[in-house]
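Two complexes are shown next, each including chain A; its partner changes from chain B in the first to chain C in the second.
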Partner chain A sequence: MTRVLVLHLAVLAGLAALGAVLPAYHHGMMARILMLAVYAIGYNIAFGYTGLLSLGHAMFLGAGMMAAGLWVQQGGSAAAALGLGALAGLGAATLTGVLALRTAGVSFMIVTLMFAQAFYLTLLYFGAITGGDEGFPLPAAGRQLMGLDLSQDGPRYAVALAIFAVALLVQLALVRSRFGRTLVAMRENEERSRMLGYNPFTTKLAALAISGLFSGVAGAGYGLLFGYVGASFATIQYSILPMLYVLLGGAGTTLGPLLGAVLMFYLIDTASSLTELSLAVIGAALLFLVLFAPKGILGTLRDRGIRWLP
Partner chain B sequence: MGTGPLLLLATLEGTVMAAVLALAAVGLSLSFGVMRVVNVAHGEFFMLGAVLAWAVAQAVPSAPLGFVAALVICPVLVGALAYAIDAGLLRRLKHDPEATIVATIGLSYILQQGALSLFGPDARPVEAPFTLRLQLPWFGYSGYKLFVVVAAALVLLAVWWVMTRSRAGLVMRATQIDRATARAFGINVDRVYAGTFALGAGLAAVAAVLIVPIQQAHYLMGHDPLLLSFIVVIIGGLGSIRGTLIAALVIGLADGILSMLYPPTLAKIFATLAVALVLVFRPQGLFGARP
Partner chain C sequence: MAAVTLLEARGLTRSFGGLRAVDHVDFTLNSGEIHALIGPNGAGKTTFVSLLSGRLQPDAGQIRFDGADVTRLPAHARVAQGIAYTFQITSIYAGLTVADNLALAVQRHPTRDLAGETARAAARVGLGDHLGQVAGLLSYGHQRLLEIGMGLALRPRLLILDEPTQGLANKEIEGFTALIRSLLPETTVLLIEHNMDVVMALADRITVLNFGKVLASGAPAEIRANRAVQDAYLGGHHAAD
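The block that comes next holds the complex of A and B.
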């Protein structure tokens, strides 16, 4: 346990040090990546640990972002907006789960995809309030968190890192708890877990709800840190990105979401600055991972020797 | 225009929609039925059919000839591409349902990017092979659109014949019902899978070639057909071709009529929610029988 904890704290310390030395451009990028990594951590809890392959997480991200954005737009405080975003993500995920978890496998993927699509279309339909695809900027007055001005680089990175640190450590505690092992049991063999007395429906619902909560926080945080909220974050592409991050970093590893988000974000950024081929990069990465490295980087490392990797 | 003629116009538009939709959806339904995989790149095969139709029509100088050439060449090209994709990619994944979805998502990004890079972001028109206009008492109607309905019906009839009367169809149905036994009887299941995948993609391409003279070819045009095909296949019952046809007719007509009365976004919201709920509460589809 201690070396696991040391590893995680070292990663967080490394990120903090990075914040002090990075040039401005990468500074902003890393803050973005940290928020996306929180989102990917949420996705990892559902997909990596519980085996729920969802194509609808963009709804939870979008719900959290929209709730926080509208709240701040109406003059609410940023701290409350974060909480509201978490609640929105939790609520959306619970509602989705109650219905979608009656199905499994491919049907679950399609049902979550359809719900997320309906949510996205609803945001467009109420474009007068949500700003539709163009979204709306958040007022500077609302972007103050505990005396920190989130439009400044330094505070923005600090807050992003703080949110990420909490998410990472909560994830670690969660997956090492009894409940976390129940989640893995559902992934590995649902029938056997049922026979041992665990209720698959409530367990998976709880996992999805927690996953939604993380996604909602990530959405709210992203909106607050970068001062912009829009329906484009609820598109199918934002359901696929966390899947990509988690697959790349390693599904069912605590640090996989961060690693995957960093590598993929920079890969796409580099690719789109060199050519116009960012879509193809995403596609090729998905194909490569599914074909040759279904366990991702950390999953493969764990298989090849570093067995204690959480 | 009075209510009656307006309804007639909506029904005509709905029928055209239903015909094209049925082609695309039967393609998706085939690969789902026989191979048990969901092909997310199906919309991209549709888009490729349309974009290639434009390219072929550019290469052939006369308009009717260009269209006919496209109608023959594009489905074959798209089918060949699908065959290669199945043999080179999906077979390596052993057609695992979830891995296949992830892979075809990746594929759809690559195909979109390919179309964008090679054909550019503009919508490209293809000229209809003839410009006959049927003058009804209330409004004129494009004869080409009626041709689309007839052509789609003929292709579907051919598919039905192949599936129920030919040896290839027998082999496909045998594979669908029991893959292991089919293999034991000497059927090359890998080839059946690749062939089914190619046939499904080819049907999407036929639908696309028929529709380009009405809508234009564009690299993002695969989204709506994919979503609608999904809806049709799910409502019709996963893997059941008859259900798919009935559902295509119902949904095509409903779409044609409803979109004249309600804002399209609202109609889409209800359609997607309805499909999700059908999958949750009636996974065998509305038209019942499991294949």
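The block that comes next holds the complex of A and C.
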């Protein structure tokens, strides 16, 4: 346990040090990546640990972001907005789960995709409130968190790192708990789990709800840190991205979401500065991963000897 | 002392397409007994115990466990009530360690010492030295023992074992027989078994299934002397002749 904890704290310390030395451009990028990594951690809990292949997580991200954005727009505080985002993500995921978890496999993918798409269209339909595809900027007054001005580079990075740190450590505690073991058990052999007395439906629903909570926090955090919310974050593209991050970094590893988010973000950023076809790059990356490195970087390392990697 | 009924099935029926795998079976299990279920391949033994454990739903009939109707209860809820099932075709978490496999069963009951209890559960089935091994890499016999160990770790009131000794070496079978005896009387055992030596060594009562129907039920000596059973199952040698 200590070895594992030291590794995670070292990663967090490394990120803190990075905050001190990075040039402004990468500073903002890293803050963005940290929020996406929180989102990917949420995705990892459902997909990586529990084996739920969802194509609808953009709904949870978007719900958290929109709830936080509307709250702040109405003059609410940023701290409460984060909590509200968490609740929105949790609620959206629970609702989705209650209906979608009646299915499994490909049907589950399709149902979650359709839910997210319906949510996206709803955001567009109520464009007068949500700003539709354009979205809306958040007022500067609402972007103050515990005396920190989130529109400034330094505080923004610090808050992003704080949210990420909490997410990472909560994930670690979760997957190493008895409940975390039952999630993995559900992924590995659902029938066996059922015959050990675990209720597959409620176990998976809990996993999805927690996953939605992380996604909602990520959405709210992203909106608050960058002062903008919009329906574009609820598109299918944002359901695919966390899957890519997790697959690249290593599904079912605690640090995979961060590693995958960093690498994939810079890959797509570089690719889109070279070509118009950034979506094609995403597709190619997905294909490559599924075909040649299904366990991702950390999953492969774990298989090749670093067995203690959580 | 009058026998206390732990489980009772009435008119239990289940078909697959046109085939009646289990056909109006009445069955009583006494508390604290070892009850063997025997019969030729395809007789419906696995289907019958799957109905009891809730893995399958019956087309007709009723199951009572400890006085309560459990016919419509989902499998996981029956396990929580104390009905444990070990699979005929080994079903373990192949990608997880032996320790994690067993811990998943042990942690069904509140415990402060999960690691200690898990180690004891492993030692019980002779896997004490294999805790850190990935279960899928164990030998077949050890995987069978792990499967049994998981069932035991649930501390069930009724343990259903579906051909547990299949694939075990003779020495392992001896250990298994002793282990099952040590469970009495807290645990009632329903044992599907082809090895007649194991059946005769363990069973208090035997039920014979054939073509989904109960052919005979009674003490081992009665079953051995039963002509219909000999014709159907024991190879046609009439011991009484």
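Observations on the structure shown:
Here, the second predicted complex is superposed on the first by the 310 of 310 C-alpha atoms of A that agree within 3 Å, B and C clash if a C-alpha of one lies under 4 Å from a C-alpha of the other, contacts with A are read in each partner's own complex, and residues count from 1 in each chain.
Just so it is clear, a contact is a pair of C-beta atoms (placed from the backbone, for glycine too) under 8 Å apart; a residue touches a chain by one contact, two chains touch by 3 or more.
This structure is a prediction, so every number in the text was calculated from the model and none was measured.
In the superposition on chain A, A:111 makes contact with chain B only, while chain C stays out of contact range.
Measured by the number of chain A residues touched, the leading partner among chain B and chain C is B. Contacts of A:158 after superposition: neither chain B nor chain C is touched. Look at A:263: by the touch rule set out above, it reaches neither chain B nor chain C. Of the two partner chains, chain C is the only one that A:193 touches; chain B does not reach it. In the superposed model, A:4 lies in contact with neither chain B nor chain C. Within the superposed three-chain model, A:287 lies in touch with chain B and out of touch with chain C [touch as defined at top].
By the touch rule above, chain A contacts chain B in their complex via residues 53, 55, 99-100, 102-103, 105-107, 109-111, 114-115, 117-118, 121-122, 124-125, 240, 243, 247, 276-277, 279-280, 282-287, 289-291, 294. Residue ranges on chain A touching chain C, taken from their complex, read 178, 181-182, 184-185, 188-189, 191-200.
Across the interface of their complex, chain A is touched by residues 53, 55, 74-77, 79-80, 84-85, 87, 91-96, 100, 103-105, 107-108, 114, 150, 154 of chain C. Residue ranges of chain B in contact with chain A, taken from their complex: 38, 89, 92-93, 97-99, 101-103, 105-110, 112-114, 116-117, 227, 230, 234, 263, 265-266, 268-269, 272-273, 275-277, 279-281, 283.
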